[in-house]
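Have a look at the structure below before the remarks.
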Amino acid sequence: MAEEIPATEETAARETLFEAPPLAEQERMAEAILFASPEPVSIAELNARMPHGCDGAQAVASLQKRYEGRGVRVVRVGEAWAIRTAPDLGYLMQKETVEQRKLSRAAIETLAIIAYHQPVTRAEIEEIRGVTVSRGTIDQLLEMEWIRFGRRRMTPGRPVTFVVTPSFLDHFGLESPRDLPGLKDLRAAGLLDNRPVPGRSEEPEEDEDADETTANMFEDD
Amino acid sequence: MAEEIPATEETAARETLFEAPPLAEQERMAEAILFASPEPVSIAELNARMPHGCDGAQAVASLQKRYEGRGVRVVRVGEAWAIRTAPDLGYLMQKETVEQRKLSRAAIETLAIIAYHQPVTRAEIEEIRGVTVSRGTIDQLLEMEWIRFGRRRMTPGRPVTFVVTPSFLDHFGLESPRDLPGLKDLRAAGLLDNRPVPGRSEEPEEDEDADETTANMFEDD
Amino acid sequence: MSEDDLNADLPAPDGDGDRPMSVAERLAAEALIVDVEGFEGPLDLLLTLSRTQKVDLRKISVFRLAEQYLAFVERAKTLRIELAADYLVMAAWLAFLKSRLLLPPDPEEEGPSGEELAAHLAFQLERLQAMRDAAARLMARDQRGRDFFVRGHPETVTRVRRVAYSANLLDLMQAYARLRTRDEFRPFVMDRDNVFTMEQALDHMRGMIGFAGTWTDLASYMPPGWAEDPMRRRSVTAATFAASLELAKQGQVEIRQSDTFAPIQLRRREGRKNG
């Protein structure tokens, strides 16, 4: 990088050895460090992490100038520095604060049955799960737009059926419901082996607990 | 942007209401959104989060140009975009380095075979490696979210296939599976062909299907 | 097993004609034997052996490779090293390949020629090597979290809390697997598809008996569609017979049978014909 500066005598040799990178390069370094660090970075830490001879304070100052008016800014937080979104664009950040929560066991089982057996009626889901399906579970899946109502079944009572939606396929990275792996594939991938430790109760607040323990007993074949 | 079509009276008012911000402003928005998200953001999501009428693709393209040669870069990951530190500055980041999970040789080879031959069935992986693939290997790669189930192969038994994921691309800094190192040479050398074992007739009636599966994904070049 | 044992057992310069083995070759052979556990199957071993030929994989002599492999298996045998079955299967196949390569092709014989088989093996080795090189190049790439980094501080500008439920395909499949494997083990339930109950037979006969003024064969009381399948025929015969006994007990029919195993006949019992 900066090795080509001609210098005289042996001081030059020492200088070259400890030559600091050009300011533009120092600015790049500060930029990468501030970007990757979860916490604001102090000038002292910056100097410690950058190569010998670098001037962290100067690098941050010119970085700050560079980001003026941009979508993100270099801001001072106490004694340290950080990159933050420009405050006027805060409204764009709403989606980042979505709280991810795992689907309940009842919901994921219901969803799995719909995906593998669609179109399927509520009674059929209950028959497969061996427990009644609460209204909330179906409602939740409908609201997430992972399932929708299918055709009515042409049997007495003409019950509605459920099918999965394109947005379900999208979420699970499937091109079509036919691409769902079968039991044989699951076994081959080792997914049928994950036997819970006996006696360890999972999600004790759920109603299907008894159900689960009997299921586990049979899980290995 | 097609908003400048002159319109009359109250339609004009409505147009103004939905006027897209100037490109420089759109670039700022894309910048803020990409900076804020550790995971790649798709153009669709970008468009959904930016005000009506914005062109996320264009904003990202000009943003990418702006960051050329800087300490962080705008990179493409499959169909999405992300900001990542420049790889030549990795040595400054010891503090941020995460302990990489040690992959077994079997897992690494299996991953490479899936990446280069995708979509590929388990039997094909075993044929290439000459040994059975242990359950744990596939399981581990699935769990790391570097591979996922692809379409089923339209051959007898309809076996599932495996393909690599966007998070695999992100991890290895690849824009798309086409950018895998040496892919072209391997293909030119015929080493990615599905060459049947001589004497073993392999479902000749499925020929078109076999074609389709090897061709897909890498088709466009 | 000590080094001396190995050396003592490795005098024969097999594989390469008369030329005695060089020290390096002997060390290599030893390493192979000792490391057999370290190989990932016969193809991996063949690939390692092929390196001793020091040629481009495309120009490899499969014949010589087969000999090397068979020599390896022989040595393992003399050293009483247990080889896994797939190594022995490969040995048998390579012996076959060797004989095919030696003999002039028999026009009568079916199947691929020795050359075709050899070419395929060479292709497999080249492909495996290519995949290993590709894997090494892949792992040598700049990696996320090692060479380049993501944003360390995800923004939390406005905390608009919205709950998004998530699940991945693994969760979904595991849930389904859990349900389905439970299903496979449902307690045994009698399959009632092919069973005709006495109640059904009674209902059926009561409908017909009014017309049976004359002696009629019991078999004609069986409902249609039950005589073809042996399992159903057994069930319907038993049920109808039991039902006819029940009707006789109630005084509604009379039953007769002329001889052992002769057809059973019944008719409606008239109120006036008492006794």
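First chain written, first letter: the chains are A, B and C, and each begins at residue 1.
As a convention for this text, contacts are C-beta pairs under 8 Å (C-beta built on N, C-alpha and C of every residue); 3 or more make two chains touch, one makes a residue touch a chain.
Which protein is which chain? UniProt says A, B = SMC-Scp complex subunit ScpB.
All values reported here derive from a predicted model rather than from experimental measurement.
Chains that touch both chain B and chain C are the following: A.
Compared with chain B, the chain whose C-alpha mean position is the greatest distance off is C.
Inter-chain centre distance (chain B to chain C, centres taken as mean C-alpha positions): 34 Å. Each chain gets a centre from the mean of its Cα atoms; for chain A and chain C, those two points are 37 Å apart. Rounded to whole angstrom, the centroid-to-centroid distance between chain A and chain B, based on C-alpha atoms, equals 16 Å. Contact of a single residue of chain B with at least two other chains is seen at positions 35-37, 83, 85-86, 93, 96, 142, 148-149.
Shared interface positions of chain C, i.e. residues touching 2 or more other chains, are given as 149-152, 154-155, 157, 168-170. On chain A, the positions that touch chain C within their shared complex are 32, 35-39, 82-85, 87, 90-91, 93-94, 96-103, 105, 107-109, 111-113, 115-116, 128-130, 140, 144, 172-174, 180-181, 183, 186-187, 191-192, 194, 214-215, 218-219, 221. Interface residues of chain A, counted against chain B in their complex, comprise 27-33, 35-37, 49-50, 69-72, 83, 85-86, 89, 92-96, 173-176, 178-182, 185, 188-191, 193. By the touch criterion given at the top, residues 40-44, 86, 111-112, 116-117, 119-120, 123-124, 126-128, 130-135, 137-139, 141-152, 154-155, 157, 168-170 of chain C touch chain B in their complex.
Those residues of chain C lying in contact with chain A across their complex are 149-185.
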